[in-house]
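Should a chain be cited, it is by its letter among A, B, C and D, assigned in written order, with residues numbered from 1 in that chain.
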Amino acid sequence: MAECVNDSDAESAINYGDYVVLKRGDVFKSVQVENKKKVIFEKQWFFLDNAVGQLYGTMFEIEAGGSLKPKAVKRAGDSLDSKEAGQDNRHIVDDGRSQKLTRDDIETLKEQGLKGQEIVQQLIDNSTTFKDKTEFAQAKYIKKKKKKYESDITVLKPSTRLLAMMYHGREPGKICHLRYDTLAQILTLGNIHAGSKIIVFETCAGLVLGSVMERMGGFGSVIQMYPGGGPTRAGMESFGFPSHFHETLHEFPLCKVNALLAGTLDLSEKDTDSQANGSRIGGSDSSQETSGVSEEKNSEPQSMEVSVDPQEEMKRAEREKLREQRAQEKKVKMEEKRKKLASAAALLEGRNADGLVIASRFHPCPVLMGLLKFVAPSRPFVVYCQYREPLIECYTKLREQGGAISLRLTDSWLRHYQVLPNRTHPVLLMSGGGGYLLSGTTVATDAAKARNQHKSEEPAAKRLKLDEISSSCDSSAKAISVV
Amino acid sequence: MSFVEYSELIQEGDVVIIFLGHDSMMPVKVQSGAQTQTRYGVIRHSSDLIGQRFGSKVTCSKGGWVYVLHPTPELWTVNLPHRTQILYTTDIANITLMLDLKPGSVVCESGTGSGSLSHSILRTIAPTGHLHTVEFHAQRAEKAIQEFKEHKVSHLVTVRNQDVCAEGFGITGVADAVFLDIPSPWEAVTHAKRALKRKGGRLCSFSPCIEQVQRTCEALLNHGFEEICTLEVLLRVHDVRSVTLPLPDFGPEEDCTNSTQMASDLSQEEVPNTGNTSVICKTATPPREMAGHTGYLTFATKPRD
Amino acid sequence: MAECVNDSDAESAINYGDYVVLKRGDVFKSVQVENKKKVIFEKQWFFLDNAVGQLYGTMFEIEAGGSLKPKAVKRAGDSLDSKEAGQDNRHIVDDGRSQKLTRDDIETLKEQGLKGQEIVQQLIDNSTTFKDKTEFAQAKYIKKKKKKYESDITVLKPSTRLLAMMYHGREPGKICHLRYDTLAQILTLGNIHAGSKIIVFETCAGLVLGSVMERMGGFGSVIQMYPGGGPTRAGMESFGFPSHFHETLHEFPLCKVNALLAGTLDLSEKDTDSQANGSRIGGSDSSQETSGVSEEKNSEPQSMEVSVDPQEEMKRAEREKLREQRAQEKKVKMEEKRKKLASAAALLEGRNADGLVIASRFHPCPVLMGLLKFVAPSRPFVVYCQYREPLIECYTKLREQGGAISLRLTDSWLRHYQVLPNRTHPVLLMSGGGGYLLSGTTVATDAAKARNQHKSEEPAAKRLKLDEISSSCDSSAKAISVV
Amino acid sequence: MSFVEYSELIQEGDVVIIFLGHDSMMPVKVQSGAQTQTRYGVIRHSSDLIGQRFGSKVTCSKGGWVYVLHPTPELWTVNLPHRTQILYTTDIANITLMLDLKPGSVVCESGTGSGSLSHSILRTIAPTGHLHTVEFHAQRAEKAIQEFKEHKVSHLVTVRNQDVCAEGFGITGVADAVFLDIPSPWEAVTHAKRALKRKGGRLCSFSPCIEQVQRTCEALLNHGFEEICTLEVLLRVHDVRSVTLPLPDFGPEEDCTNSTQMASDLSQEEVPNTGNTSVICKTATPPREMAGHTGYLTFATKPRD
């Protein structure tokens, strides 16, 4: 088995419709490969059509007219040893020699096999003014230099690593400034793996959702809880998962959590619906209430005129037909929606999820306290927040309430290194912070401990009750218990 | 129970983690008839563990109680028997993400050591991936094989007892990722390259000393690896606690100063109906001492052949 | 001038009465050299008498009976190169060879000139179990090993560096966990230097006070503000400053700050006192109110019996005499105290201090807002707090109130390195945190800006008034203006 | 005005720091009759600066205003004209403390560079100490001499234009401390040792690269230096700000759940009379990017000869 090479090149060729990650230097961009679509990346524009059929990992040059041309693979392998000891930035400065690398120096470095990024680092090291610039100016300088020396584009298969680095580098605001090393912690501390049932609540553009799904590999189920209008999934889409992955993904609106917990979630029409009695659905106002997202608003003005013009009559009939058709379509959509809601509800109702991941711009405390009820005992949960204070509150609340052990509030510190002969040092710019995590493990809630709590009256009894419910529901995840 | 799949109830032969209190745990192998001694008294496996739900509270003979937890690679990392220095969760998390590991990945690892990283890799690549782990030390390799069996992951792993620098990983062109935690990683770079798939893959080397990193980076560059990137991650744990800050007494308040007034403003904000003497503040403080270094992580991409 | 060697050995000999710092490995202890006083340091006891007359920096061995014996100076200078590449901890482990350095290895290391600390680091590097111990156990391990391989004691002249490292290492609680690198920031950001007038409020055992005084070099003045019973100065005493340094040190109780600001501080007796009319002082109750610390409470019971026994009469006369003497002493002390208070008040009243340093367990916000009024415009201030939240409050308050610019809330990150051939890496244990600093620069407060403030009515006028006062008082720091 | 003594009022010839706003400053040399252009308009030195109190607000010609600040070594560090890379306050603070500098200290420095550290040393060792600073580069040495004169500290400093590695500091046995910021500090260790007092003293070397540190430590050990200690300090600035955190809507509250209740508890704590939709939280956040490395600081003690 060991020598069996399961490495066909066919599976790694770029196709139309693929989601890919473009790489230039250490800047990334996620795009879908489409016919004759103009892509703008780092202020250059081009078409990906020539990349189709090429293998993932291929490096391209941009030619006139924006077409891509695969670059000849260059055999790397030159050592960097030729630079001598003592020939570092300080020396250059103090010798009173040229205070910057000359154009020739850069060419030499290039010949020595230095990548664009390394050349940029060299430029930084040899710029007497770099360290004296403001942080903003430094970042600008780096960007400018990068643009100049890193112009080739590589097309890569998406992965959590690439997308997390891409979002962090380009649009950290969209992912609540979640740094890739922090995302790494989330996935590991959450014990995310194939075959488990994970609840995800995130407002990180779908990146966290996608990374969880990648780690599930299409096995098990993910329930995405979503606020307001609907779940955000752009980041997840960028992973380009095969279609069966999507079947493992469920969604449930936050605004129905209370109803679900109370057992009053209205799913009664589900069974009747499937038995074709669909007339009530379109008209029912309650359906709109339950639908969460109402994507289509009938833009057609409802004409109130009464006329006998036969043409008008025909038009009206047509309109009527159209309306009915729309109603039918809507009915089908509503039906699908209800089915999806029901299946997500069924997964949640067992209260036996294998993990909970929260990474959002919402106050994590009510979210955590609400969603933790759906998690089985002895399962990990991880809460990310860009700020420290809300997690301190979560911690305090959990301690009061019980049901969770091994609580840890952490942040991490990440530094990259330049490793070059006689010029090894940490990279001069580093990320200021990667956000905070609160992680822990659920345990069966306990009446005795609850009794000693701050809020003494009802929670103890309540928790006991919840506990009993969840125990009795364990093996009936498919059955929807209507209380 | 398995390290790659949750179970609801504890069964004969399972490994469970007994949670005794803050940062105090122990792993126990469940055997009917057996007993485990804890500081809270005896746990009888047949009556106290088998058939119980993971995560439930177990009352010991002395009346104290513990929680019994389902094992995870992360709990295992802090509970495993140490045969070597081990990798901890912070580094493991970054290694996993930066190596692009996921279900189905084929991974090479050397050395196996105490199996801390191995368990985490296996969890991530299951059910369709495979781990080829190489351990120089015969007894350690043997012990790892045994552990993987007990943890019901042996179908996902091949343990080889050989010197990776001399003999490599024993496979060619099948790996998506290679991980090196050996004293001279530069000596294993050729073998790593050979083990990786033709279409390319990722490599990570963990080294505590910068000189090892320097030699490894040079070797990686010489062997055509790309995107060579060295980084370091440190975890900081914060203790959540309430601290009391006394308020200064500036003496009786006079009409034309507002300093004490200020102080009372403050106390109104924070302790509404108490005297003016102190405020309580919820904060999080780092520990006095923390891990200041574990190792440098060097990552690289092997391009397509 | 350049070649003039002002380096007499006389000045650096250890004397009775000197405050010295004992060093063993990297553990320090501050003691005063006293005749036949037993000193206990790192569980060993000895007498410092034999150190007297020896030069500072001398290393001693402890001999039987606890006497010290100067060690022969060993010529260091052996290179560490003999350890080969690849022979690091990982290698030792993976070779399956001995997992620890043997006794012989250690001796070899010692011969190679490795200091105790380095040997300990070697032991750590070569211990397969070290990394696996809990942090506590690690610290214990290090301590144990240190004790074994670092037994010689060096006697050093105290300095901010040594005392700051000593307190941080041994009794961080006493100095509010102020780390030495953070103290370094305080002294530099505060622009502490000779000739300036600095206000210090600290509850760091006097360490911060002492470090400020060291940087002032006996030039200028330091006003120590103190809470409650009296100023804490143990840490300052440990510097062993020459006596003229102490003349630059003033103290002022926090509880009189309001009175001073209001101009109602009672110092009227000051002038009359110095003109010998001292009778009112001892009896006056107000004096006790103003004294702050009443160190001596008359423990003698006041006898109310009337008797004619001549012996009793004599005793009584004696007691009377004693009492009068005591009253006189007390009077003198009170007088001294009043003078000190007056001189501190005079320094403060000019509202032209050159800097303000706060490092205490008190809530920094009211302290800062109160004391900042005594600082001249265009002067730095630095506030240390072990916690972040109170400084966030300070920051917000200052922004609202104005009068300060360039506000910066910072913390710092400190890591030590082991630099040995082929075994260079950061030290495995590091400090978790060094506390937080808020620093800024005062500026003249401004009516226009004050008007736009949240609290709209009085502060504007008030601030203007204060401003005028402080301007008019600038050159009259000695005159006490009684409003 | 002098860099080692505060003055109350601005005088002809002074260097003042014009504070224009958050992180925006400029140094100005005050000359009667001169004008300085700022984005808020012109500042006329004779009427707007001379005779004004340091720290006061000056209204510019366009109606905008600025603060005029007394120079300090720390303000100078962020305002000085750059002739080289410079040392910043965080490193300077630690160098000063770890070298035991105080009034009266005799200090050697190389290279002088842009004088950032020099000003800070001079402030600390005044009025009785002396700085011997060596600069290889002739124009830089010349410029430093001129600056020290303008800043009224030239009586405390001797600038030498020579190669410290070849010629040393030009003094023997008089220094309490030596600071090295040169590309090959190991070549200057003998000279540093010679410059230090017989009774001993402290040394610091600043180097960006670890290889420089390694060679320097080796040289220090070979020359009998003790207590060799390498460290690194990074400053993190925190922005204080208010952030708004929306509260989740779990839907209408039913009698047997307490999740929304929880949320409303929360909002009561933090925004008393607002709707339940969000809470405002005061926090401090690190900048997106910060200085991740300046250099390693290596300290050592020269023992008594």
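FYI, a residue touches a chain if its C-beta (ideal position, glycine included) is under 8 Å from a C-beta of that chain, and two chains touch if they have at least 3 such contacts.
Everything numeric here is computed off the predicted structure, so don't read it as measured data.
K.L.:
Count of steps on the shortest touching-chain route from subunit B to subunit D?
P.N.:
2
K.L.:
Would you identify the chain whose Cα-based centre sits farthest away from the centre of subunit C?
P.N.:
A
K.L.:
For subunit A and subunit D, let me know how many angstrom lie between their CA-based centres, rounded off.
P.N.:
One centre to the other, that is 41 Å.
K.L.:
Just give me the whole-number Å value for how far the CA centre of subunit C lies from that of subunit D.
P.N.:
Result: the chain centres lie 23 Å from each other.
K.L.:
For subunit A and subunit C, let me know how many angstrom lie between their CA-based centres, rounded off.
P.N.:
51
K.L.:
Two or more other chains touching the same residue: where does that happen in subunit C?
P.N.:
Residues 388, 393, 413, 415-416, 424 of subunit C each touch two or more of the other chains.
K.L.:
In subunit D, what residues contact two or more other chains?
P.N.:
Each of 210, 236, 282-283 in subunit D touches at least two other chains.
K.L.:
State the interface residues of subunit C toward subunit B in the complex, per the touch definition above.
P.N.:
85-86, 88-96, 125, 128-132, 134-135, 139, 172, 177, 227-228, 254-259, 261-262, 264, 361-363, 365-367, 369-370, 373, 386-390, 393, 397, 415-416, 422-433, 459, 462, 465
K.L.:
Could you please specify the touching residues of subunit B with respect to subunit C in the complex?
P.N.:
Touching subunit C from subunit B are residues 23, 82, 84-86, 111, 136-137, 181-184, 207-212, 236, 243, 245-260, 262-263, 266, 278-279, 281-283, 285-296.
K.L.:
Where on subunit A is subunit B touching in the complex?
P.N.:
Residue list for subunit A touching subunit B: 1-7, 9, 12, 55-58, 73, 75-81, 113, 115, 159-161, 164, 180-181, 183-185, 187-189, 191, 193-196, 214-219, 352, 354, 376-380, 388, 392-393, 395-396, 405-406, 408-417, 419, 421, 424, 436, 441-444, 446, 471, 474.
K.L.:
Once bound in the complex, which stretches of subunit B touch subunit A?
P.N.:
Those residues of subunit B that touch subunit A are 4-6, 8, 19, 53-57, 67-70, 72-74, 89-90, 92-94, 96-98, 100, 102-104, 106, 120, 123-124, 126-128, 130, 132, 158, 170-174, 197-200, 210, 213-214, 217-218, 221-224, 226-240, 282-284, 296, 298, 303-304.
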